[in-house]
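Next come two complexes, and both contain chain A; in the first it sits with chain B, in the second with chain C.
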Partner chain A sequence: MRAGEGIAGAVPRAGLRGSGAWQRGAWLWGGIVAASLALAAWVGPVPVPKALTPDMAGWVSAALRWLVERADLGLFSFKELTRAIAAVIEWPYSLVRAALVDGWVEGRGSRARTILQPLSWIAVIAIVAAMGAYARSWRLGAFVGACFLYLAVFGRWESAMVTLASILIAVPIGVAGGLGLSIAAWLWPRFERALAPILDLMQTVPIFAYLVPILFLFGFGPVAALIATVIYAMPPMVRVTTLALKSVPPELGEFATMAGCTTAQRIRKVLLPAALPDLMVGVNQVIMLSLNMVIIASMIGAGGLGFDVLNALRRLDIGAGIEAGLAITALAIALDRLSQAYAARTADVPMSAGASGGWPRRHPWLSTVALVILGTALMGLVLPPVASYPAEAVITTKAFWGDLVKAINIRYFDDLEAIKTAFLTFVMLPVKRFLLALPWPWVLAVAAFAGWRLGGAPLAATGAALGAFVLATGLWEQAMTTVYLCGVAVVIAAFIGIPLGILAAANDTAGRVIGGIIDTLQTLPSFVYLIPVVMLFRVGDFAALIAVVLFALAPAVRYTAHGLRSVPPEMIEAGIVCGCTPRQVLTRIRLPLALPEILLGLNQTIMLALSMLVITALVGTRDLGQEVYIALTRADTGAGVIAGLGVAAIAIIADRLIAAGAAHARARLGLQRGTP
Partner chain B sequence: MTTKALLSSAAALALALGLAGPAAAQVESDDPIRLTLHDWTGQLVTTNLMARVLEEAGYTVELVQADYIAQFAGLKTGDLHVAMEMWETTGRQAMDEATATGQVVNFGPTGMEAVEEWWYPSYMKEKCLGLPDWKALNDCAEAFATAETAPKGRYLGAPVTWGGFDEERVEALGLNYEVIHAGTDAALFAELESAYQRQAPILMWVYAPHWSQTKYEGEWIEFPPYEAACYEDPAWGINPNKTHDCAKPRGPIWKVGWAGVANKWPGAAKAIGAFTISNAEMDRMIARIDLDGEQLDAVIADWMAQNEAVWQGWIAK
Partner chain C sequence: MQHRPVKLACRGVWKIYGPDPARLLAGGARPDLATIRASHHVGAVRDATLDVGEGEIFVIMGLSGSGKSTLVRCLSRLVEPTAGEILFDGRDLLKASRAEMIAIRRHKMGMVFQHFALLPHLTVLENVAFPLEVQGVARPTREARAREVIALVGLEGREGHYPRQLSGGQQQRVGIARSLAVEPELWFLDEPFSALDPLIRREMQDEFLRVQRLLKKTIVFITHDFDEAIRLADRIAIMKDGALIQIATPEELVLSPADDYVADFTRHVARAKVVTLGRIMTPGPAAEVAGALPAHARVEAVADRIEGSPLPHAVIDEAGRVIGHVGARAVIDVLIGRRIG
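Moving on to the complex of A and B:
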């Protein structure tokens, strides 16, 4: 059957529909769904025997206790090593923090005396604006400057600089670590194979799961938060870099060898420069993911904007929460655009020949910025508003947001309640009951069978093994609740996201507007909208569902738009020549051809939905996320790690199945793999 | 030694003396004492207040952001030194686990009394006449019901992690209610704010001291009063077969810290142990900050000015 598909796939035909394999597949899956329904109705859930759920949490706790308290590396203990690492990281962090927030002080506490003020807000804005103008254009400079001005005008300057300081340290560590790992993976394929599952775990195990051991090993405070951030933000850098190094034309490497380069020279002088544009894409990802961590990092001592958000929402000051959340978004968007501009610049403009003249003339940007820094520092001594943004000039929209939610609450609560009740009764609860009623042996069999159909024996083994792991955690019910919540959320996100992606691809203006909304949704901490959602929908699965959908929507939109845009124009022209209407071009040619991309988008949607799990626990769901959260609040490391690995197992099953499905679709359509 | 070096070291000495100030003559160590900050206002007040008093005594203090439970990792190793609020009602398990290691000690009560109980806004009294007596709850189950829980009433409980035995209480007292758990404190009060804006029915877990006591008008449900026997002995109370047929326990809010504090800064340990403040004083300060929007520093400075004798007593030799 698979061979038959391969032959059909060799012919690049668009809109393959009535092929036999497809139809047989539909019958097969229809049969499985029918059998599942029957099993759920007449057999019901099967209890998991005790023998199958060993005390893994206890083992993990014991192992970690050993690592933290006893592990000895000869000259020093493991904990001393990690503490030394923390001290090394702390040093540049305090330096950056001093430059941006604290200034240089002598003495501590209330006896502190400032020797040197931190950079003035005007100076920082000038620096970022100059970077924008240098990297691309004055327009970008003005935009980035405006984003930073927002931080000052809305009174978030100091918190934002604390956050920026940790980003400025976390990102280089993440980038350097990512580069190192991917070079090693490129040099030794065996290392790459060992690394792949670790990267998967780094991205899918919820960070709450390993927070407590990190605190033990690296001490309490900003450094532990930085390390947690790096663990979460590094994997995309490794993936992108490994891919980029592999795609450097082999001739280049051979040429370097012939020219007599050592391996180190070959990597440093030839391969890395050639892969630089792709590396910048990785850097951009590291920045964005680090900013996603701001809230969680603030829970363990990073302070900054994340703390402002938590603190405001604790007081139910929705307006202040939204303002602080939007400050994170402003920071994220500014840094994103800046890093993208640098990526494009390194790709487009080869280093321009140095202009002649003295140093200031050769480096106009640096000298201007240096002047502004010096000027504002001196003026700041006389004019306080130059040193720190005057409190009287801070504006706020707090009242507006609070009143808006109140107005909606009073006027529309009953309507919203009716919609919610209908959706719960007719969609969510039936799905939940169905999944919870499935006997576990059947679920494992279906996971293995799906793996076999899409990827042969290896994938079948993966599916069965990971499913068995979830079973062995003893959290089967929570795991199925997770599948239910994420499943429904992903379906809804696809229903909303794919049409939005189609619209964005069809129309440039719509594309820009939708892009802006998506960027905001992805960088705005979900906690910010979680609280208004609870006010309007009460705590429970529905509120969690809305938060997950909002957060996970982005990739569905992005990948759909990207897939549609990158359909080869010949195909579309061929369709038009054959007399297709625009609608037919979309449904018969562009959508089928974009299918692999759309599937990848769905894959990312699932990943994001799962990464939101811990947050949904905050509104009272009873899934694996809640287990991780409970373990955190009880400082039970073992239970947290095991529940976290359960989430990771579900994520990896979904990822592998969909990736195999996308590869199938691509093969059937005769497409090459494209990277979005 | 050249004149220049002599001058500069003299200057440094003068500077050091000047900075140390009059009260700071003899503290045991100049290393900073690290106090942890959490994310609720009352705790920010107690911690900042303690920090200011310790500074008055000449100690160096550092305030560090830390999670309420996760902080025990730091308190055990001595990375963190003092946590000013550990509630009997929510922190007992973690605290017992930590003090059992011998690396963390209890610095005694803060003087504040934690209350956690079922609570309703005053306007519900018109819709449910027998309140605050718990026996009225079953007659009003309809009034407190929502589409999802009807015909049972809906009781919004605290995050699962806070414990509280509400499921057991509902069963033991034969209450016709369903317990729904909020995931966080913020979600809990978001529902209250929402219901209060609409003057809609709500029955939920509220705790004090908290700003909600000043912002919303309401009352605690009166259950049969708590006794230790009620939680342990099924025979106790109205239901002869079940435990938990009574109210929740009320208990002190404790101060805890690293065991090494008493050796390194004995004077500070004494001051921390002596710190006490009442629920009423605390409620007033919390309300000024959260509801009137005053600055935390200003509110604390006011308290220090008005109660100088009190805090001078904590640091008296």
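Moving on to the complex of A and C:
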């Protein structure tokens, strides 16, 4: 970059100094890359000595076995504890499941007699439609109702209700638990300090890795799946709540003190209500994460739509897979829109002061819904189609989808294959070979050095220690495969996502369209992404890569657009006054100023990519995720946990390095952080 | 005006922020500004001593960052002072237990905040009734009381509105009503009108004076606006870098500022707004007078009347005794800024 051009001319010294540092940095990292290439070419991989890879998996397995078989917590044993937890969850779950799916049945086997039918599909649709209309508008009500109607018409009703039953149990537990933990953190700073690293870890440990020990502790079945779901969906609620409680204006806290509130009054009457709009955002997240996890937890017996997908994937039944995937999509979008509408409602319209009159008049919505439930239940006794959607009227699209995909595959087989092969040969395999050929001491050294450059000695120690942990798992090769797949996916996601973000920021219409697509993509459970890629590219690294890129794209787009939009308008005006062309305004002013934000977006992209990578184990990658998946299928607790922690270690290294880099960039530009 | 009983006093109060505030004050040390800064501490309040009389409007004035908010929070113990005592009716608040503090705040203190601090999820009525609600007062009683204070601040008819549906001025009226709902003895206001437009601000000041004439609370009022201070105050304390520079009536401040810093504030103030008749009268009775005026009347308020009369006016003290007289000449001296006193 030459100083004296465009805006740089106005601040030549700053420009020069900035580019000097850039240049030195570029030389340094260029040198490191060159050295790596040389090492990969002439030295090659170094075997990891046995002494450095202790049997950590064995220790974990033994510890868990001890917990289950021996551990005594004083009054009761650990096993009794897990049984109690399971029982506490089992009871409400079977109740909700009875209401939505099974109905109440007396007796067993052939003598079973249904006492009460489950809720009619008409009643459920009426309930969700009424919720939509109440929360926002009749349009939303109609939309949500249509989504549910889709489930009935296309024959996915029962699976969807099983999934919904799990969500209806997991979400209240997740929300209540999240609230409880963050209130405790608010009350006792020491508890908060202890909680923070645990939350970090929970958010970076891949999903499958949760499943393994839970499978071991709670066995196969819906309850184990529910527990996994709650554990997975709770941390974001804790984070959102903690942040929301902290961002209540301090004057409100002072007011609570001056009004003479006790601690309980302060929390219940002042802080929580004032934070409610933010908390509802957290509730939305818990709902969507629960859905994501409930689908995946079909591997440990959650059943429902996830099981349909899993089954179809295993049998490579294309039509069934797409159908189940679309059903999940309908459910996800309906739940997302509904909970977002509720969140917006609490922010806009405070709970309306009670109208007068009798109960039905004061609660018009509830009474209407109650009427529909009662009416359909009675009608269901005489009219079976009201009780459950008539099988004759189910439309199946399996054949259609199957044929369509077959047609695409026949028509475009060569093209698809050519793309795949070219990409594998020229991009993926070289990167993979390069990374796998690196001697591990050099990789550890680079991780530590990067930490030192960006965050000083503490970060260097973190990088080295986590790298050493990955080495000690004895899964170095799989770990480097993970790094390779994740790295390639992130680079591609950045190449697609950043330009999309620039476009979204430049043009309002484009921004709305892109935003809409990205939002929808983000509501889809990760499982769903596997379906189209398997259809088109079958199994292997390339299919996995596409799924990961699609899943991880959103933050790159969103943070870029947000970063560009939040560049202060005076700076842009200053640029225009200096005579910058629109292009120069973008490259000289907006992009550099948005850099920290873009880095944070990439960070999120990496996190999402890692979490998706683990799931792509189902389509046959050979990375750490595959290790976790294998451990899951063999119920090998130790191996699963250790491989999962390996992924977490990689995620934490990436996260810390990039966060430090973004902080650097921010400090150099003298910027404050806002949230997208 | 100085013979009111003392309601609230603070003695040698310090509030120091930083790594180890206690060490700086160890053994009764009184570090100066430079020492505090050199050790990377912030002296938000330094050795503040003041008395607030019963029924007095005591204004604390200073630039932003001078420590006003911290001082008033020390007085209400929202902030724990590093050292000193706060005497409320002669009893040291800093020795009160948690439960005692809750009781004192519930029944004897009210506070109005700069950014209103209204609860967004409650209606005007519920906001105003809130301090009574946390005391466990039954709904009918607390709502009746809330309606009274809402009427007092002129918001009848808005009881069912939510804060966001009100203008800034109206929101602060709610804040004022809420702080008065428990009939506090001590009323703290931290820059209550600073977030409002100048015109609304003036209207709110008048409103505040009207309410105070009815209720006669003991008031600590914070502002960074010297004009506001002069309009409202019985006495003003000027604060700078955490220390109280001068505590005096508006008249004394203007006529004899303690130092250049205070003089900078007072220089552009029209004398007639602060000077009282007691200050410019000629002692002793006049032979013939047009009428009687109180000694604490400000010149601005009575200038027309005195100028319009050929005869001087008698000046009387609070007990109604004639203590002097004042004629047009003395008033004109003040108005055109000739030296006085």
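Here is the rule we go by: the second predicted complex is superposed on the first by the 570 of 676 C-alpha atoms of A that agree within 3 Å, B and C clash if a C-alpha of one lies under 4 Å from a C-alpha of the other, contacts with A are read in each partner's own complex, and residues count from 1 in each chain.
Just so it is clear, contacts are C-beta pairs under 8 Å (C-beta built on N, C-alpha and C of every residue); 3 or more make two chains touch, one makes a residue touch a chain.
Every value quoted in this text rests on a predicted model; they were computed, and no experiment measured them.
Of the two partner chains, neither chain B nor chain C is touched by A:Arg583.
Contacts of A:Arg314 after superposition on the shared chain: chain B is touched, whereas chain C is not.
When the two structures are aligned on the shared chain, A:Gly219 is found in touch with chain B, with no touch to chain C. Look at A:Arg190: by the touch rule set out above, it reaches neither chain B nor chain C. Residue by residue along chain A, chain B and chain C are tallied for touches, and B comes out ahead. In the overlay built on the shared chain, the residue A:Ile300 is in contact with chain B alone; chain C does not reach it.
Once the two complexes are laid over each other on the shared chain, residue contacts for A:Gln265 go to chain C alone; chain B is not touched. In the overlay built on the shared chain, the residue A:Lys50 is in contact with neither chain B nor chain C. Those residues of chain A lying in contact with chain C across their complex are 249, 251-252, 254-255, 257-262, 265, 269-270, 273-274, 276, 350-351, 353.
Residue ranges on chain A touching chain B, taken from their complex, read 107-111, 113, 211-212, 215-216, 219-221, 298-303, 307, 310-311, 313-316, 406, 409-410, 413, 417, 421, 424, 530-532, 534-536, 538-540, 616-621, 626, 629-630, 632-635. Within the complex formed with chain A, the residues of chain B that make contact are 19-21, 32, 39-41, 51-52, 55, 59-62, 64-74, 77, 79-80, 93-94, 97, 146-148, 156, 159-161, 180-191, 193-194, 197-198, 200, 211, 290. For chain C in complex with chain A, the touching residues are 73, 76, 78, 102-103, 105-107, 109-111, 113-117, 119-123, 130-131, 133-135, 160, 162, 179, 188.
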